[in-house]
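Structure provided below as C-alpha cells; questions to follow.
Labels for the chains are A, B and C, by order of writing; each one numbers its residues from 1.
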C-alpha cells in the first residue's frame, strides 16, 4: 500500500514537471528580433490558409533576424471570438495581431486602449490602397482601430437548372414575376427557396430580409427605428417566403440544413457569401455550372444595390515598444499590399477591401466580382448594421413570426427594443 | 494532560493539511471568480471600459425580463426531469445490471459510451433525428400514421424534445448508482433468498433502502446539472424558437457574447443562488434525509 | 398458481429486456452514426444526414491521421487528463476524508460551500480564469489546463466521494482505532480502499471531462506544444466551411483512447469489487 502511494507521488511529480516544462512560448535569446504573434483564423481548412501561410513564411525569410511573425492557429471561429472578448475584458489583447468581424458590437472594442489606432500612423499612400468606403465604415469617432480586410457581398443564388425544369427561363425582374416563378417551381415539385430561423442569426432569411428592407427603405434604412413600415413590410415578405415558399423544416433550421437543401437540389434559390463558392461539395453538384448570382427583384423603390459587409477587419495590440510598433506596421502593410491580397484572392476566391488587379477566372467567383462592381450602391445586412444582440432577437422572433404567433408589427417592435441608440 | 493537548493539535494539524489542497484550489478557481462575479454584477461593465457601480439595477432588469423568467422556469423543468425521470431510470437500470444478466459487462460499458463522445456529436445526431424529414418522423408516420412534426422548430415541442434526448442517456448517473449497488453485500441477498423472498421483494427491501443515500446524492447532482443546463440545448436550438428552450446558462452565455458582462454576472449569481434554493427546497419536499445528519451518529 | 407466477415473471423479464435493449440502441446510435458518417463524402452528409455511404471513403481516415502534430496533441491530451485525474483524486480523497469522517464546527458549511460549485456554469468564469492564468504566467502551458480541469471537477468529486466515504460503517473505523490505527492509517488502510468505487467513479468523470474539454483549452493555450487533441479536431472546421467527414473520422480516432481508458480503468477496478464485500 505504501509502495503504491510512493509510486503515485513520484508519478504525480513527474507529470507536474512535464506539464511545467511544456511551455508553449519559445524563449528567444536574441533580444533584437521582434516576435509578432498573430492569432489567425485563416488556418487549417480555411480557403485563405495556404496563401496566408506562404506570405508569412516569405516575410519571415525576408526579415530574418529582425522580425518574426508567428501564427497562433485559431481553428474554431466561435471559440476564437470568445477568446478575443475574454482577453480584452481581462485587460489584454489576444495577440499582437488579430482579426474581428466589424459590427456595432465589436466596434465597442475601439473604446479600449488595448488596440492600436491606425488613423494616427497610417501613411496616405497606404490608405489609398484601401477602398475609401470601407475605411470610413471602420472609423468610429475619428478612431480607426482596425483595418478593413476581407469583405463580402451577400447576393441571391439561383439554380437555373431547377428554374428551367419549372419552365422559367430568365431571372424574375419584379416581385410579381418572382412569386409567379416560385409558384411554377412548386408545381414542378421543387421547393423554391432555402430559409431558416435557427442558429444565432437566421443567416439565410436574415439576408433575404436585408434585401427586402433596403429595397423598401433605402440604403440608410438601418438608421430608422425598426418599427418603420419598411421593416414591417420586409418582415411580412420574409414570413411569406418561410411559410409559403420554403421547406417544412425552415423554422429552427440551421445554416448547415439550409445549405444542404440547396446542395441536394431540393431548393432552387439560396443566399450566401463568396466563401461558399469555393466549396468542394458545391462543385460536385450537377447544377454547379448553372448557378446565377444576382440580387433580388426590388420590393420597393431602391434598386441596383447589393448587400455588402465587412467580413474581417485586422487589429493590432497597442504597444509602447517602438520597435514592435514599427514591426507591426511593416507587416500589416506587407499583408494588405495589393500584391499580397491578389495572391490570397487568387487561391481562395475571397473578396477584399483593398483594390487589386486580380479578377477571378472561375465562373462562379467571377460572377461575384461582376455583381459587386455592377452594383451602384451597397448597404449593410442586418447583422453587420445592428450587431449580434439585435440579430439574435431577430432570429428568435422570426420563428414566432413564421408560426403566426406574433404579427409583423409585434415582431418589429420586439427587435426594436434591443437596438441601442 | 499535555499528551492530550498535543494529540488534539496534531489531529487539527492533520485535518488542516488534508483540507489545504482542496481549499487552495477552490479558493483560486471558485471563490475568487465568484467574488469577481458578484462584484461585477453590481456594476455596469461592457467588457471594455470601466466598471461603474450601479447598485441593484442589473438585478431589477434581470427579474423584469420575461425571457429570463422563462429561462428560470425551463431550468426548473430540467432539474425535475433530470432528478425525477433520468435518475430513477438510471437506478432501475443499475438495479437490473447489478444482478448480472447476460451481457451485463457490455451493457454497462455501452450505456456510458455516449458520455465519452462529446456533447457536440450527440447534439448533431439528434438534430438530424428530429428533423422533419428525419428518421423519427419516418418511424412515427409509418408505424402510427402521425403527421410529420418539426420537433425542434415548434415552440410547443422543442423543450420536450431536448429534454427527452438528455433523459434517455442514463450512463452518467447509472455508473454512480451501480458503484453503490455493487457495494451491497451479497450475503444479504443470499439470506433473503433462503427466506423465500422474490426478486421484487429483495429489490424493495434490500436494494432500495441500501441505495437510498446514493439515490439522494445522485438526484441532487442531477438537479444541479438541470439548473445549470446549457450545452446540449444551445447546440440543438440555440435557445429558440422564440426563446422556448432557453435556460439561465444560455441567457448568460448570450449576454457575454453581446459584451454585457455585468448582466451576465448577474445572471450567474442568480443561477447559483436560485439553484441552491431550488435544490434545497426539492430535497425538503421529497422528504429526503440529509446525508449530513446521517453522519451525526 | 405456479403458472401465474411464471407468467408474471415472463412479462417482467420481457419488459426488462425491452428496456435494456432500447436503451442500448439509443446509446449505440450516436457512435454508429459518427462511424458511418465518417465514411461518407461531405456532399452526401450535407444533403442527407442519415444515409449509407455510396462508396466507403476510407481516405477520410487518412486525412484525419495526417492532421498536423497528431501524436503531440494526443500525448498532450493523455498527460493533461492523467495529471488532472491524479491530482483531482488525491486532493478529493484527502478533503472528502475530513468532510466525511471527522466532526468539527463549520464542517457542514464547508461542505455546502464546496459542493455549491457544481451549480457554477464554468463559462461564466472565463474572464477571471483567463486573468488568473495569464497573471501567474501559466498561459499556454499544460499545467494551466491541468490545474483548471482539476479544480473544475472538485465540487462533483467532493460531492460523490464524500457520499461514498460516509457510507462506510463507523464500526470499522472504531475497530481500527482500537487496533492502534492513527489518523493516517485510518485513511490509507480503512477508508481509502473501501471508498474505491466512489473514487474511481469520480476519476472517470474527471478523465472524460478533461479529455473532451475544448473551450478552456482554446482560451488558455496558443501553440501546439500545449494544445490538446480536441483542438486538433477543430482544424477540420474554419470560419465558413467544415470538413465534416474528415472531422468525424478524427473524432472516432480520438474516442478510442478514452473508450479504452474507461473500459480498462473503470471496469477493471469497479468490476473487481463485486467479489469483495464490505462486511464479512
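The working rule: contacts are C-beta pairs under 8 Å (C-beta built on N, C-alpha and C of every residue); 3 or more make two chains touch, one makes a residue touch a chain.
The structure presented is a predicted model; accordingly, all values stated were derived computationally and were not measured.
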Among line, ring, star, complete and other, which best matches the way these chains touch?
complete
By the contact definition above, name the pair with the higher C-beta contact count: A-B or B-C.
B-C
Using each chain's Cα centroid, which is most distant from the centroid of chain C?
A
Quick check: how many Å separate the C-alpha centres of chain A and chain B?
36
Distance between the CA centroids of chain B and chain C (whole Å) is 15
Among all residues of chain B, those touching at least two other chains are 131, 256, 261
Mind pulling the chain A residues that touch 2 or more other chains?
82, 89
Residues of chain C that touch at least two other chains are 49, 90, 126-128, 214
Which residues of chain B touch chain C in the complex?
10-11, 14-15, 17-19, 21-23, 25-26, 28-30, 32-34, 36-37, 92-93, 96, 101, 105, 107-119, 121-122, 124-125, 128-129, 131, 134-135, 168-172, 175-176, 178-180, 182-183, 185-187, 200, 213-214, 217, 220-221, 224-225, 227-228, 230, 249, 252-253, 256, 261, 264-265, 267-268, 271-272, 275-276, 291-292, 294-297
Looking at the complex, which residues from chain B come into contact with chain A?
46-49, 127, 131-133, 148, 150, 152-155, 158, 237-243, 254, 256-261
Using the touch definition up top, name the residues of chain A that touch chain B in the complex.
81-82, 85, 88-89, 105, 108-109, 111-112, 197-200, 247-254, 257, 387-389, 392, 395-397, 399-400, 403, 405
Touching chain A in the complex: which residues of chain C?
41-43, 46-49, 76, 79-80, 82-83, 86-87, 90, 126-128, 130-131, 134, 140-143, 146, 188-189, 214-215, 218-219, 221-227, 231, 234-243
List of chain A residues in touch with chain C within their complex
1-2, 5, 8, 11-12, 15-16, 18-20, 22-25, 37, 39, 41-47, 49, 72-77, 79-80, 82-83, 86-87, 89-92, 95, 256, 259-260, 263-264, 266, 273, 275-276, 279-281, 284-285
